[in-house]
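All chains are identified by letter, namely A, B, C, D and E, in their written order; residue positions are counted from 1 within each chain.
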Amino acid sequence: MVWQLDLAILTLVVITAVGSLMVKDLLGAAILFGAYSFMMCALWSIMGAVDVAFTEASVGAGVSTVLFVAAVLRTSRRTRD
Amino acid sequence: MSQQYPALLIIVPLLSALLISITGWINKRLCFPIAVAALAVSAYSCIGLLLRVVDEGVIVYRLGGWDPPMGIAYYVDHLNALVLVVVSVVALINLIGSKKSIELEMPGKTAPFYALYVLQVTGLLGVVVTGDAFNLYVLLEITALSGYAMLAMGDDRAPLSTLNYLYIGTIGACFYLLGVGYLYIVTGSLNMVDIANILPPLYESKAVLAAFIICLVGVWLKMAFFPLHAWLPNAYTHAPSAASSLIAPLVTKVMIYVMIRLILTVFTPEFTFNILAISEPIVWLAVVAIFMGAILALAERNLKKMLTYIIVAEVGYMVGGAWLGNRLGMTGAILHIVNDALMTLCAFMVVSNVAYKLKGYAFDDLKGLFRKMPFTMGAFVVAALSMIGVPPTCGFFSKWYLISGAIQSGQYAFMVALLFSSLVNVVLFFRVIEICFYEPFSDHHGHGHDHHAEPMAEAPVSMLVPLYVVAGGLILVGIYTSDIVNYVIEFAIPKSIL
Amino acid sequence: METITSIKPLLAVLVSLLVTPLLVSSRTPNVREAWTFVAAIAKFLIVLSMLPTILKGTEIVYTVAEFLPGAAIKFRVDSFGMLFALVSSSLWIITTVYSIGYMRGLKEHSQTRYFCFFAIALSATIGVAFSANLLTLYLFYEILSLATYPLVCHHQDHEARSSGRKYLLYIVGTSIGLALPAMLISYNLAGTLEFGNQGFLAGTASKPLIGLLLFMFIFGFAKAAIMPFHSWLPAAMVAPTPVSALLHAVAVVKVGVFSVVRVLTGVFGTDLLLSFDLGSIILVVCSFTILVGSLIALSQDGLKRMLAFSTIAQLSYIVLGIGLLSPKGLTGGMLHIAMHAFGKITLFFCAGAIFVATGKKNISEMIGIGRRMPITMGAFFIGALSITGLPPCGGFWSKWYLLLGSLEANQMAIVVVLLLSSFLNACYFMPIVYKAFFCKPEDSLFENKVREAPVCCVVPLVITAVISIVFLFYPEPFLELATMTVSRIMGVQI
Amino acid sequence: MGDLLQIIVAKYNYWIYITLMMIGLYAMIGKNNLVKKIVGMSIFQTAIILFYVSIGVKKGATIPILEHGHGEHGHSAAALIVHAVDYVNPLPHVLMLTAIVVGVATLGVALALAIKVHNRFNTLEEDEILAQIREK
Amino acid sequence: MKIIGLIIAILTGVLLLSATADFPIFGDPDSPASTHLSPYYIEKTMEDTSVPNIVTAVLADYRGYDTMYETAVIFTAGLACFIILRIFVREEPGDRLYRHVLTGVTVRVKEGAKLPPSDDFERIDTMWTPPDLIIKTVCRLLIPFIQLFGLYVIAHGHHSPGGGFQGGVILGASIILLAISTDLRTAVQRMREKVDAILCPVGVIIYAGTGALCILFGFNFLDYSALAPLLHVDPITARSHGILIVEIGVGIAVMCTMIWIYNILSSGGKYDEGL
């Protein structure tokens, strides 16, 4: 485990998390959330949790994002916060 | 077969919930009988299990045949056997009683509703029976998800209030999960009994303290303990009758059971009451909860919403009782789980009967209800008496234990709060009874004005019979309090609590 | 003390409870009232059948369910409970007759509900009389409070609503707010709630705590209408007259007083009260209630309201008798339960009969009524004499014993209070009787010919009036029961 | 200072998880948009999963899949010697698989509810919805 | 509300942070979590179940009960979405659009009129835009491979990362991809709602039923070694096979639920026109 890589991904995770909460476009938030999940997935596979990473890649980064997109397109995309 | 009761009581409802959702696509009329049969088997197993526990003591059931710390195991002791019986019986009675109301309120979606109903019961039973801290979380989520779905089926505002419940409920569950994680990181185990064995040398650890607090807060969020109660009134008020009369009596009570289980088994009374020494502030919090619940209930002009605030106050009773730290208080809290489940069930079944006929339960709609629905109101009076705490209904006896516990531990504020809440309940319920008792006033009043009375419009028999079973249960449980306490609750509380 | 176990006390309680489904399902009013009669007579007979046993000095015990050690649902028939049970069960029969006349005479609505709750209330009353411990007593006390609510609010109009609110607020509020915590504290102190001959609190707590408990109990049983918790009683007079008669002259208020007496003797015990000198507190409170109640009664115009205030004053006699803590005083107090019951019910019956016959409620409208309704007003006179405590009525005995008791206890002030109060009683009763018989009625008062009320109304009041007189010559069962109780409690023979 | 740095380095995973959890929690309570709240909820749940996975990490250990070549069947494997220190702790992974699935289930229900709310009030902003309710 | 949220978040953060001081060092092999239970799993899994992937073994066997409920949770979520959102509406009156598959000609059918039954026409959405040819083709090509991979992940969960969940999600994602790349109708034609909704509980039933079967053989619930006589293998291999069976159940349930939830969400409950 390379701790620099670990640290970098951890930082990215925080940035994407904050980003997905900050953007005013919900579709963007959904995509950023997907990126967040994928970063998490990378982090976990570094930590040796391959099964969890696999699941997160398919469920978190995959299906969750699709569900978000579906919901956002069915409702409204813009938000004030 | 009696060896398999612990498994049956969960598996039968689970399988039948799945079966219901299949038959729902084929023949909708089969769903209700399947649900009733499943819950009946479950209730039968629960009662059988309780009898076995009373005879033999703690029963350990190893799922998958693995020994406890490795696999998941049930530890069925007197405490959860009792709560199991309550949950399964309440669910069964309510299911039978709310068939008509489900058909009225959710035409076209009865089948998935029955499936969710049975899943909810499965989850609750699972939460109660399990001996594994993480397994409890999973079951909690089943309960929660099926609960959200059922609650959201209500009126226009139901989805919004349910969504709020979902946020809070998820925070609560996640806090609990986090607490379990903290325990896991310091003990390396997930089995409740195993954790309790490992913990004693670690009592000073901050991680254990944090685990305890975070678990407790999570559970409090889910049970709507006072400052964290904001989700409950709206979520329950706007829900369909059948859902609220299942969830209102059971979910908060089961969460109280979880809290007691954490106190008694996982963290042990020794740690909770002697080392932490936070009982006093929590009892004070419970006092505030009772006061606020009562006062907020006073402000309501809607029967169902008023009842939801009473639930908030009742949660205060049980949390306070459990945290008094003595045997009487704990007995009172456990007994009140039983009693309050029945009381709330009775009250909410009345509400669903009223909703079935009146389509509304604001106070103004209720005028002259005693004439219109005399039998329903009769049961309502019994429920009201029990909530007020009039003997021989069961509410009196649990209040008795709680107050005795308060006196014994010198927490007079808690005693005052209980009495205050009883008095407020008198006002609350008699205000309703009064409104229902009097006809809408005409200008001239005097004797013999029954000529303009509305005709009787009572709820169907299939709703009344279960209601009266519950009302009778309130009195029977009251009369047999001593048996429940002596044979069950007495053994449910560890000897270390005096 | 010899005890035997028998199911009779439970039967006595249940008989009127079990009849309610029959009442509800009755097809016609006649069937319904027949059932009420059957229940009333059965109840009386059951109570009566226990009398010889009790007079022999044996107690009857029956435990329904043990809930905590020392706190069970349990019945114990002793001489004092027997006294009260006899009074209330016998008066139920008479009141039933009267109710039928009254309710039919006025064509009241919801008669079935009325008879049902009447029966339930009677069950609760007998339950209180036979209760062996504080818990059972509290249980039936609460049932009674709630069962009488629909009776008080029978008319279902604005007035009934506000009175009903007041009634519940006072009765239930005090019992939950004061009596219940007092009971719990007592239980925690003593570990039992079983009534004992010398109470169970002796030696468990300090004087201030005992004093506090005493206050909580006396005011907690607000049915005893001791001031300042009295104002529900006049308010509750909106009820139909038979309800006022039975419940507010006999069952409800007497249950309150009975409970207070039971608590004073069975929970605290006379020795404890004597040693802490708490009797004098009771005396002060009661004297105040007696005098103020009588004075207010003087100023009332509504006949039933006046009777209500008279009741408030008379109830305190009973508690006062106990507060004297002397054997004679106790006897007088207990005897007054019976004597006052028969006297007061006569008066209420008369008030109801007048209302049925003429529709009049106020005293000022009753001038000259005695000529039209001689039987009724004759009975009224007898009742008034009995309440005032003059011969030839039974009320004489109780007042006599009370006086003797206060002399025995060396309480001269109480003697003065009793005499003054009797004078006031005479002051508010006698003018009514005088005006009824000896003043000419104004023509405008009675447009058409006024007759006596229906037979069903008149017969009961004649019976109770006659019984009141009979008691002067034959007070035996009640006097004997009272003296038995006193000798058991105080350990002295009178 | 060195000690502090060591503590931070030694536990920085925990620090990050707490940061993420706070972000999620804040979003759930403080955000106004219902979908943003749901995003916050997912972040919150993932943070907890990160915490659990961090528990399972073992320095110098490999992924929890036993290496092949020891025979495919249990009987011969009985003789196999496996050292626990060589593999990371599998238990938290198992738990977190469950937690992820629970998370996506909650997400689905929450989004369904949000759509339903949007159908009714035609907005996802909480303050606007409350204003609409108050107006009635 | 924002301030309250901030305060609560910070309070929780401080509480949790303060507790980390008593945590074992990150990655410490001697931490309680690594020394109490997990060595047993790591060392005995092969012996007990003959499954090399410890996670799979623990997931589906030692803690199989958890996993059964996890599947039930997924199913509950599907049911919940269905009951919350699903609207059964009659076809709105109005013109309908059909497309001739071979030529791509769009036909507008007036209200009330009907097209002769034929496979040449397919119904299309009112807001229909022709799918991009490249995307459509690539997806058509990819989907079979994705599905194959999903099956592999389920079947090979014993030996490599993966299992019922991951495989199920991948299988579900393949259908979702179809729905996105073409339209919802096309996907629903491949997987009708009724089939989907019935398969969903069937998946869970496979899991719970396997467990219940063990009870019938006189063993405890989910004790797969009970299946040995049925499968004609020794108890340890029976555990391995049992795990496979339940993983298949999980796969079916997860796949169907994911499709179900997506279809309901994307069509807003009407189950006709997707995104």
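What we mean here is this: a contact is a pair of C-beta atoms (placed from the backbone, for glycine too) under 8 Å apart; a residue touches a chain by one contact, two chains touch by 3 or more.
This one's a predicted model, so the numbers in the text were calculated from it and none came from an experiment.
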item	value
Touching chain C and also chain E, the following chains	B
Path length in steps (a step moves to a chain that is touched) from chain A to chain E	1
Most distant chain from chain B by Cα centroid	C
Chain of greatest Cα-centre distance to chain A	C
Chain pair with the higher count of C-beta pairs in contact (D-E, B-C)	D-E
Rounded Å distance, chain D centre to chain E centre (Cα mean)	18
Whole-Å gap between the CA centroids of chain B and chain D	29
Chain centre separation (chain A, chain B; CA means) in Å	38
Chain centre separation (chain B, chain E; CA means) in Å	32
Per-residue overlap in chain D, given as positions that touch at least 2 other chains	12-13, 19, 21, 23, 25, 27-28, 31-32, 54-59, 61, 63-65, 91-93, 95, 97-98, 101-102, 104-106, 108-109, 111, 113-116
Shared interface positions of chain B, touching two or more other chains	134, 138, 141, 145, 148-149, 152, 159, 178, 184-185, 190
Numbers and ranges of chain E residues touching at least 2 other chains	12, 16, 20-21, 23, 27, 31, 33-35, 37-38, 41, 53, 55, 59, 63, 66, 70, 73, 76-77, 80, 84, 161, 165, 261, 265, 268
Pairs of chains satisfying the touch condition	A-D, A-E, B-C, B-D, B-E, D-E
Contact footprint of chain E on chain D as seen in their complex	7, 10-15, 18-19, 21-23, 25-32, 54-61, 63-68, 70, 72-75, 77-78, 80, 82-87, 89-95, 97-98, 101-102, 104-106, 108-109, 111-113, 115-116, 119
Residues of chain E touching chain B in the complex	12, 15-16, 18-24, 31-38, 40-41, 61-66, 69-70, 72-73, 75-77, 79-80, 82-84, 86, 88, 194, 197-198, 200-202, 204-205, 208-209, 211-212, 215, 219-225
Chain E-facing residues of chain B, complex	4, 7-8, 11, 14-15, 17-19, 21-22, 25, 61-66, 69-72, 108-109, 112-113, 115-116, 119, 122, 126, 132, 134-135, 138-139, 141-142, 145-146, 148-150, 152-153, 159, 178, 182, 184-190, 198, 205-207, 209-211, 213-214
Chain E partner contacts - residues on chain A that touch it in the complex	1, 50-51, 53-55, 58-59, 62-63, 66-67, 69-71, 73-74
In the complex, chain D residues that touch chain B	21, 25, 28, 34, 37, 41, 44-45, 48, 51-52, 55, 91-92, 95, 98-99, 102, 105-106, 109-110, 113-114, 116-117, 120-121, 129, 133
